[in-house]
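These notes open a run of structures that come right after.
Each of the next two complexes has subunit A plus one more chain, namely subunit B in the first and subunit C in the second.
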Partner chain A sequence: MRIRKSTIGLLIYLTLTLLPIYWMLNMSLRTNADILENFALIPLNITFDNYIKIFTDEAWYSGYLNSIIYVSINTAISLATALPAAYAFSRFRFLGDKHMFFWLLTNRMAPPAVFLLPFFQLYSTFGLIDTHIAVAISHCLFNVPLAVWILEGFMSGVPREIDETAYVDGYSFPRFFVTVFVPMIRTGIGVTAFFCFMFSWVELLLARTLTTTDAKPIAATMTRTVSATGLDWGLLAAAGILTIVPGALVIWFVRNYMAKGFALGRV
Partner chain B sequence: MTISLSDVSLVVGAETWLSDISLDLGPGAPHVLLGPTTAGKTSLIRILAGLDRPSTGRILANGADVTGKSVRKRNVAIVYQQFINYPSFTVYENIAAPLRRGGLPRKEIDSRIREVAALLHIDALLDRLPAELSGGQQQRTALARALVKDADLLLLDEPLVNLDYKLREELRAELREIFARRPSIVVYATTEPTEALLIGGRTVIMDAGRILQSGATAEVYKRPATVRVGEVFSDPPMNMIAGRVAAGRARLGSSLELPLGRHLAALADGPYIFGARCGHLFIDRRADDDLAIPGVLELAEINGSETFIHARHEETSWVAQEEGVHGLALGQPVTLYINPRHLYAFDDAGRLAAAPSGG
Partner chain C sequence: MNKIQDNRAWFLVMPVFVIVAMSAIIPLMTVVNYSVQDIFGPGNRVFVGAEWFIDVLGDRRLQEALWRQFLFSGLVLLIEIPLGVMIALTMPKRGWGVSATLVLIALPLLIPWNVIGTIWIIFTRPDIGLFGVIVNALGLGFDHTASPLDAWVTVMLMEVWHWTPLVALLAYAGLRAIPDAYYQAARIDGASAWAIFRYIQLPKMRGVLTIAVLLRFMDSFLIYAEPFVLTGGGPGNSTTFLSIHLVKIAVGQFDLGPAAAFSLIYFLIVLLFCWLFYQALQSVGTGDRA
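Here is the complex of A and B:
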């Protein structure tokens, strides 16, 4: 059987991209001594000690919980504010609407570090430092504009006549929005939620600066565990693998929406 | 219930979409809004529904001013040109939507849905989603939703335009039956003269945001008030040629001459515009007093079982609508015949001066 050139190319590409992840998985299943002494493509003495440590030590698993909490809060806030905003942008013409829409997007163009100092100062003043809500709100700076932008694309694809028909049929606006409109753009909402989740999940700078212990994200926990005795390779690798898992799960659930979203809207 | 519009106009930006619309609408016979695209039919329908506010003028319902009243508080139903249904609702729920807020008992709602679904032949599709229906079925669902509630005002904005020919014919005939049995005011917008004639009732001819003529459909068809009405309410548009009447004879263009008889006998001397419907032109002589128009074939359009024959005579292009399929070669000489008793005459200001008695 002849194997096509493109197949070979694809295999090489996949190997190159998956190798680091595989290597991390490999390391996470070995002890530190084993990692440092032997080079092994396949781990021979598999151990789950690293994972057990993460799931039993509060300093470790609370990192995951904190991350999940603020990411969820952020996704909820982003969607709750972006849905009405996107509806307004897609349905109404008002003074400066186009400039405002563009201005929203420009918020994404600045690097997060620019906002670090003002955020830190403000949150200190209000006593918000080291709370989940602080991180969630700071991430809104990037996620709300993105959410508005994506949702506006999906909403503009819905004919205005449907809104009007609903009013003719006697729907009040809130009831129309929740029972008729939202189900029509659920693909867009899925895609938006995914992007909010991803950005918030991988963002490290703001999350680390605005937290100390109570709301410390997992990424920060990982960077702070470099001790005097050196790096705990196996433990770090296990934490890394567990960090990928939520993202992978979310992608798995929204993969159909994503495909549709890329085809329909504005992703 | 009666609705009357007085001096309604709509100005959007620098453009005037509607001007000086005064109209009285009542139940009993459907009102057909007939006009080419951009005539303002949709704008007028939206104003009637209460979706848009007119720039000036008032709308009275039973004598009470409802100009600024929200569409939610008016009892109207609307069917759009596009197939508009709620995509996430089944056909059943779609039809039920306008009834859900009326406080009707569940059984009553159910029986009304089934009744209207049967009327529109979609009773077997009630559990489907709109996306699983054909275009014709989707539009039937939209019609069912509009018909299920007892709206005072039923507005249809070119509802059959996006359907194929067969379905259009079928629905058209059904709609005429349905309208006849409804006590509400029906307003039906269309660009097609044949549709206006089929729906019947009363016709309002619109062009460029103005009402040109309104009256009983047959009357408007028989006696188009102006040249423009003749063009709009005729498909293909009425043939028009400038002419002159002198001493009991008319000269059309520069060489066609005919004696004036019957309805044209009373025309005073002066310039006129003569009109002839395409269906009255033939490629063979049918009567001795037929006027012969020699010309050159420009185009022979085959339209179903008919052929539109375009022939150029001097500066004027004449169109004849002939039964059957005629294979004619372009550029060949062709003579069209029209009997003078079918000729319309408009004065030089474009107003009707004489109309054939038979229409």
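Here is the complex of A and C:
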């Protein structure tokens, strides 16, 4: 009985969460004039014009491609560098480890606006402005520390004995890490990958500052088109619905890692 | 857990250090540089010492924004952390429901921040927005562009809607990482649901909850795009949070010196509180394990 009550609570929460998103979907299927004139719980004159415009206009769909490219690069870099570092923090004491660990997170604590000008100068010097790699690297500033912190939490939950047993069994460190350890913390890796993807995907300030046309992110495309046409709500809503899709796919793919958890004594 | 002393671990940390330091140290030095100078133009600058810091600290508007910011972040933590944990506890543990709830819960996180503000503008409009129409149909006379209280309620609702999923996902992953053996042991002991939560789930979630608290604190303290787009800091100054005030100085008045000094003070406040939270949560955790 108690379980059923909590399920009802969850359903209520999910419904409330989906209301603004449903409203976005609702608006995306209507023309701008219809949105501004009528209140309609369910769209009556459904039109797909907004979506057609996004899929046929290169200025629109290239924004999605650009975002997907730099977000993927960023997630790959973040995970690849954070995995060994998080292992080091969870298993070893070394010179300055505590300071280093906290310092990493302090990079998320400065107001993002202060980074804009220095970043622009820095990347101009290397001729990296308007490239996907520039955005991907700049987003490492907030994603790598996050990845290290999340992964460290999960790695600390894995008992040391597992490492030691593996070494006694003759595993080298790289082989142990890849074949034994990484599968054990796949919950953590799934969560981390999703968060890296998410924070990079929704970040606008840095991505917009470091790009002009070739690597322009979708969030920036949305602001410009919106202001130029005097707020086309239908188009904006359709673009908003489409920004949800890649992330939803990512979480769909990592869901098994997140949901299964780890079984102790698997080794 | 006993850790082994081994300085070779630095080799594992080095890539992270290099990639973060490259993006972090140069910008920070630039800001420190600006904060102690008065810049009239390229090659024309005067060293002014602590003048900007004194200026900024005496600014009454900034002090108001600061208290507003503390109130906001405090409310965010008080609402989102318990709510997120509750959601994580009620989420299904196996079957098709897992995938469905994970995806549905994560949706608000995936919308770019400026778009979130824009969507909430129309969502809360009393004439054509779903939320505005429903609330006004209940006879509450809701209008976030006129009443400061309504504006606060709207910004808080948007914030809770947007970010509680992050806490829920972290807490859920933390829960899933608890081995079944712990639950079986608790079942044999006949532990109540509350006892399981208090002595197994909560301590085991300490790591992810620390991250959740720190992330939610710093991100809500630095919040800019969503409230700015939704309310523009108004009505009056009632939702002008710290970063909105900062951008007004830096971009609106183009005062780089005060803006840089402001940024550093801002950064130090966030740093101080994160450190306090971190220390507190670490010691709570060790107390549980003892």
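As a convention for this text, the second predicted complex is superposed on the first by the 224 of 267 C-alpha atoms of A that agree within 3 Å, B and C clash if a C-alpha of one lies under 4 Å from a C-alpha of the other, contacts with A are read in each partner's own complex, and residues count from 1 in each chain.
Just so it is clear, contacts are C-beta pairs under 8 Å (C-beta built on N, C-alpha and C of every residue); 3 or more make two chains touch, one makes a residue touch a chain.
Source: prediction; values computed, not measured.
Peer 1: A:164 in the overlay: touching subunit B, subunit C, both, or neither? Say first, second, both or neither.
Peer 2: In the superposed model, A:164 contacts subunit B only, not subunit C.
Peer 1: According to the stated criteria, A:188 is in contact with first (subunit B), second (subunit C), both, or neither; which is it?
Peer 2: Only subunit C; A:188 stays clear of subunit B.
Peer 1: Quick check on the superposed pair: does A:44 touch subunit B, subunit C, both, or neither? Answer first, second, both or neither.
Peer 2: After superposition on chain A, A:44 lies in contact with neither partner.
Peer 1: Taking the superposition on A as described, I'd like to know which of subunit B and subunit C A:172 touches: first, second, both or neither.
Peer 2: The first partner, subunit B, only.
Peer 1: Is A:222 touching the first partner subunit B, the second partner subunit C, both, or neither of them?
Peer 2: second
Peer 1: More residues of subunit A are touched by which chain, subunit B or subunit C?
Peer 2: C
Peer 1: Residues on subunit A in contact with subunit B in one complex and with subunit C in the other?
Peer 2: In subunit A, residues 159 are touched by subunit B and also by subunit C.
Peer 1: With touch defined as at the start, can you tell me which subunit B residues reach subunit A in the complex?
Peer 2: 49, 51, 70-72, 76-78, 80, 82, 84, 86-89, 97-98, 100-102, 145
Peer 1: Quick one: in the complex, what on subunit A touches subunit B?
Peer 2: Residue positions touching the partner: 159, 161-162, 164-172, 180, 183-184.
Peer 1: Please output the residues of subunit C touching subunit A within their complex, sorted ascending.
Peer 2: Residue positions touching the partner: 1-10, 12-13, 15-17, 19-20, 22-24, 26-28, 30-31, 86-87, 89-91, 93-94, 98-99, 101-115, 118-120, 122-123, 127-131, 133, 161, 165-166, 169-170, 172-181, 193, 204, 207-208, 210-211, 214-215, 218-219, 222, 224-225, 243, 246-247, 250, 260, 263, 266-267, 270-271, 274-275, 278.
Peer 1: Which of the residues in subunit A come into contact with subunit C in the complex?
Peer 2: So the residues of subunit A in touch with subunit C come to 2, 6-7, 9-10, 13-14, 16-24, 26-27, 35-39, 41, 77, 80-82, 84-85, 87-95, 97, 100, 102, 104-115, 117-119, 121-122, 137-138, 140-141, 144-146, 148-150, 152-154, 156-157, 159-160, 187-188, 190-191, 194-195, 198, 201-202, 204, 218-219, 222-223, 226, 233, 236-237, 239-240, 243-244, 246-248, 251-252, 255, 258-264.
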